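In what comes next, chain A is part of two complexes: it sits with chain B in the first one and with chain C in the second one.
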Partner chain A sequence: METMVQLDNVSKKFDESYAVENVSLNIKSGEFLTLLGPSGCGKTTTLRMIAGFEKPTSGSIYINGKKMDNIEPYHREVNTVFQSYSLFPHMTVFDNIAFGLKMKKVKKEEIEERVNKVLKMVQLADFGKRKPKQLSGGQQQRVAIARAIVNNPSVLLLDEPLGALDLKLRKQMQLELKHLQQELNITFIYVTHDQEEALTMSDRIVVMNAGKIEQAGTPYEIYEKPQTRFVADFIGETNIIGGNVTEIKENYAALEFGSQEVYVPNNNYQTGEKMFISVRPEKIHLHTVQQEGKISLKGRVKEKVYIGSLVKWIIDVGNGNEVKVQQSASDVEDLALDTEVFVSWNPDNSVVLKQ
Partner chain B sequence: MRQRTKRILFGYSLLIFAFFYVPIIILMMFSFNDSKIGTVWTGFTFDWYVKLFSNTQMFGALQNSLYIAVITTVLATILGTMAALVFHRYNFPGKKAIDFLFYIPVVIPDIVVAVALLAIYGFLDMTLGLITAIPGHVAISISFVMFVVLARLAGLDDSLEEAAKDLGANEWQTFWRITFPLIFPGVLAGALLAFTISIDEFVISFFTTGPGSNTLPVLVYSMVRLGVSPEINALSTIMILLIVIAVLFTGRKMISPNKKGEE
Partner chain C sequence: MDRMIKNAYSMLSPSLIWLLLFLVIPVIYIGVISFTTNTGFGGILYEFSTEAYTAAFSSLYAKVLWQSLGWSLLATVLCLVIAYPFAYYIAHAGKWKNLLLLLVMVPFWTNLLIRLYAWIILLNNHGVINNLLMKLGIISEPLSLMYSPFAVIIGLVYGFLPFMILPIYASIEQLDRSYLEASEDLGASPVKTFLYVTLPLTFPGILAGIIITFVPAVSVFVVTDLLTGGKLLMVGNVIKDAFLIEMNWQLGSALSILLMVLVLLSIVIFMKFTSGKDRKFLI
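And now, the complex of A and B:
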């Protein structure tokens, strides 16, 4: 697939500090790409540079192969759905949506046809004559999306578009947006701090932290194979275990963890090397007896949280270390607090992290 | 609130309103008084109004005042609005100092502006006429327009302008289709303020107009020096009525587009 948007070593400095630092990224045509990260990580600044509201301090952005260095926002083939919707309060819903087409001097009949078509698409067919203030948050959100997609942009930029909606509506809109994207086959660049939203909707996720890209990959790769401590910690829940390599046994390296040991698949590790691994709580099992030939850490039940379909455990494995375990509710025996247990996992399910 | 406190507050409010309005009501009453001295009620008459409407000097002065006020309003509104936009949008070196300069005309005594202008005109060897009053009027009203428009701009969501540009509107289209309609109530209020400041401005007009180009306040001043004639009462009554009508009319106009937009 061809590249739609390309960021070539883009940096943005505000005053003396970098909001975005040396970001390079290729976004393919028709891709649903999410920029994910905590607030202040540079994801919104990146989006605003693509839209043209901010100028990169260095580096270049290309849209459809064209360099955007001195191109004003109104000459770019992108449209934005703003976090606060930014609907024009003095215009009706119809006029809001028609605004972009009017600016492009599209014929009146065609404007009417296209606006009515998108109004239907976002299920607001009868709301054209209303003012934005007369709509609910979810409806305003739909108008904002309609106002952007009516222009048939090559790229749609969405800046936390669902942030102001309540949980149930947000889940519904996530699916609607995903369907809309597949139907229209537009490239979506979506900014969010909600990792679950990113995992649900994206073809590819770019995790950002402190102005830099931590990792880019499919939701599966991001969740199952986090490369850095930040990504492992930010996406979902995980156990991060740090320790020195004590010995190399066949294909596995042993790592000290308190007074016990865990193993990771060996990859030219040296004895004495300090390393960090991530193990997801759902990959870990609880046993009442020691498991032979596997990782099997002795510990005591410290906390048990029942959340319907799942049970979350916190196991104290000594030396102040804890392991989070998550199991399907039907799989567990009812263990009382302070019971002696053994936590085990397959070494292949642990991921070695870059610092 | 206790009953007694309520009663005291009511009486107090009544007193304040009386202080504001009783002199005006008496002035209006005596414009219908059939006596030249004007301190004793002797009977009802429209004579002073008839006399007023046949006073060509007065109409000339009114014309002068309106002429100055209209030009002042247009200039002050345009310049004040532009200044507000600059202050709202851009950061530039010396912004704070220039911002401070805009407060000076508000607090500086009019007499200083008047004398300064007079000195400049003298230096430039200009003959005083009607238009020489305009720069002074504009100078003291620009700041007011700027403050009112700036307040409106502060309440404007900047992302609306970004949204317009994102949808293909250039700077010019963005201003006229989005920014201006949204700040218009502020611009109108600023214009109204500039107009009222100009129409009743006395000191600057007195010093910077030439002989024979009196504004209304200046003319009234020269007439009053010979004693308050009931003709002035009649003139004041008409002015009060006009202003009340204007305020009611524009007040409603100013509120309604705003309301429509924000509902």
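And now, the complex of A and C:
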């Protein structure tokens, strides 16, 4: 697929500090790409640079192969769905959606037809004459999306568009947005700090931290194969275990973990080397008897949280170390607090992290 | 709910009593006087008469009334034209904002009367402007700037400009910048963004500015008194003279009531024309 948006070594400095630092990224045509990160990580600034509201301090942005250095926002083939919707309060829903087409001097009959079509698409066919204030949050959200997509943009930029909605509506809108994107085949660049939202919707996730890209990959890669400690920690829950390599046994390196040992697949590690690994709680098993496999850590039940379909355990494995375990509720016996247990996982399910 | 309304009234009561005593009752009193019979030298005979209104509608007073409305209208328009860019600039002036606002308000600390004397020094035949223009050789004889409608308009614009700047500034300041970004995002150039988004969304400020400039401007009398030496008249002068010099309270009251009705009427027409659906002319 061809590249739709290209960021070439883009940086943005506010005062003396970098909001975005040396970001390079190729976004393919028709891709649903999510910029994910905590607040202040530079994801919104990156989006605003693509929209043209901010000018990069250095580096260039290309849209459809065209360099955007001196192109004003109103000349770019992108449209934005704003976090606060920013629907014009003095215009009706119809006029809000028609605004972009009017600016492009599209014929009146065509405007009418296209606006009515998107109104139907976002299930607001009868709401054209209302003012934005007379709509619920979810309806305003749909108008904001309609106002952007009616222009047939090459790229749609979405800045935390679901942030103001309640959980249930948000889940529903996530799926609707995803369907809409597949239907229209528009490139979506979506900004969110909600990792679950990112995993649900995206073709590709770019995790950002402190103005830089930590990792870019499919939701599967980001979740299962986090490359850095930040990504492992930010996406979902995980156990991060750090320790020195004590010995190399066959194909595995042993890592000291308190007074016990865990193993990771060996990859030219040296004895004495300090390393960090991530193990997801759902990859870890809980037993009442010592296990035969490579890893079997002895511990005690410190905390148990029952959340319906799942049970979350915190196991104290000694020396102040804890291991989070998550199992489906039907799989586990009811263990009392302070019961002696053994936790185990397949070493191949742990991921070695870059610092 | 009932209790809330009761509470609201009890909290409002000081201002309601104030308004009743010093606004409503005097206005009713003026209205009553305007229909009484004049017995000369400020005498009031409580006998119904429309004499005062007949006089007020005579060509002389009617002309002054229209003239006052015309000048104030022109001054209001000029104030708007000057104030809008000014207010826009202040709202975007960053750290200078507070200083600029203070400068707008400084004139309020001095009486308009005193400030108008300054304009006499600037405008008169041997004044600063004429002297300067003559020294520069642009004119050979002094322009008679004083005693003209020009001087009246200058006085009005000067006196009431802050009333126009402040509400417009407030509305521009409150305008959410994301509306402007949304507009640009949808393909509107800065000029179109201004016309279709900024202007309509700051319209309440413009409306407030127009009303609080126009209303006091139409009834002011010190401007004509000082800058035309009483040669040109606004309705404020006529009302003042009717009460204080001619001692004809009926005529003064009738003119006041007429002025009030005219001002209210023009505001109502203006708001009707510019609010709600009809504001579409901006889009």
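FYI, the second predicted complex is superposed on the first by the 354 of 355 C-alpha atoms of A that agree within 3 Å, B and C clash if a C-alpha of one lies under 4 Å from a C-alpha of the other, contacts with A are read in each partner's own complex, and residues count from 1 in each chain.
One rule holds for everything that comes next: contacts are C-beta pairs under 8 Å (C-beta built on N, C-alpha and C of every residue); 3 or more make two chains touch, one makes a residue touch a chain.
Not measured: the values here are computed from a predicted model.
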Query raised in the report: Is the arrangement of chain B and chain C around the shared chain A a clash or a fit after superposition?
Result: clash
Query raised in the report: In the superposed arrangement, which partner chain does A:F99 touch: chain B (first), chain C (second), both, or neither?
Result: both
Query - Partner chain(s) touched by A:S86 [first = chain B, second = chain C, both, neither] - result: both
Query raised in the report: What is the contact status of A:N239 with respect to chain B (first) and chain C (second): first, second, both, or neither?
Result: neither
Query - Which superposed partner A:T44 touches (first chain B, second chain C, both, neither) - result: neither
**Report entry** Contacts of A:K133 with chain B and chain C, given as first, second, both or neither
**Finding:** first
Report task. With the two complexes superposed on chain A, say which partner A:Q174 touches: chain B (first), chain C (second), both, or neither. Result -> neither
Report summary line: Going through chain A, the residues touched by chain B and also by chain C turn out to be 51-53, 72-74, 78-80, 82, 84, 86-90, 99-100, 103-104, 147, 151
Report task. Under the touch definition given earlier, write down the residues of chain A that touch chain B in their complex. Result -> 51-53, 72-74, 78-80, 82, 84, 86-90, 99-100, 103-104, 131, 133-134, 147, 151
Query raised in the report: Contact residues on chain B for chain A in the complex?
Result: 157, 159-160, 162-170, 173, 177-178, 181-182, 257, 260-263
Query - Sites on chain A touched by chain C in the complex - result: 51-53, 72-75, 78-80, 82, 84, 86-91, 95, 99-100, 103-104, 147, 151
Query raised in the report: Touching chain A in the complex: which residues of chain C?
Result: 176, 178-179, 181-189, 192, 196-197, 200-201, 203, 279, 283
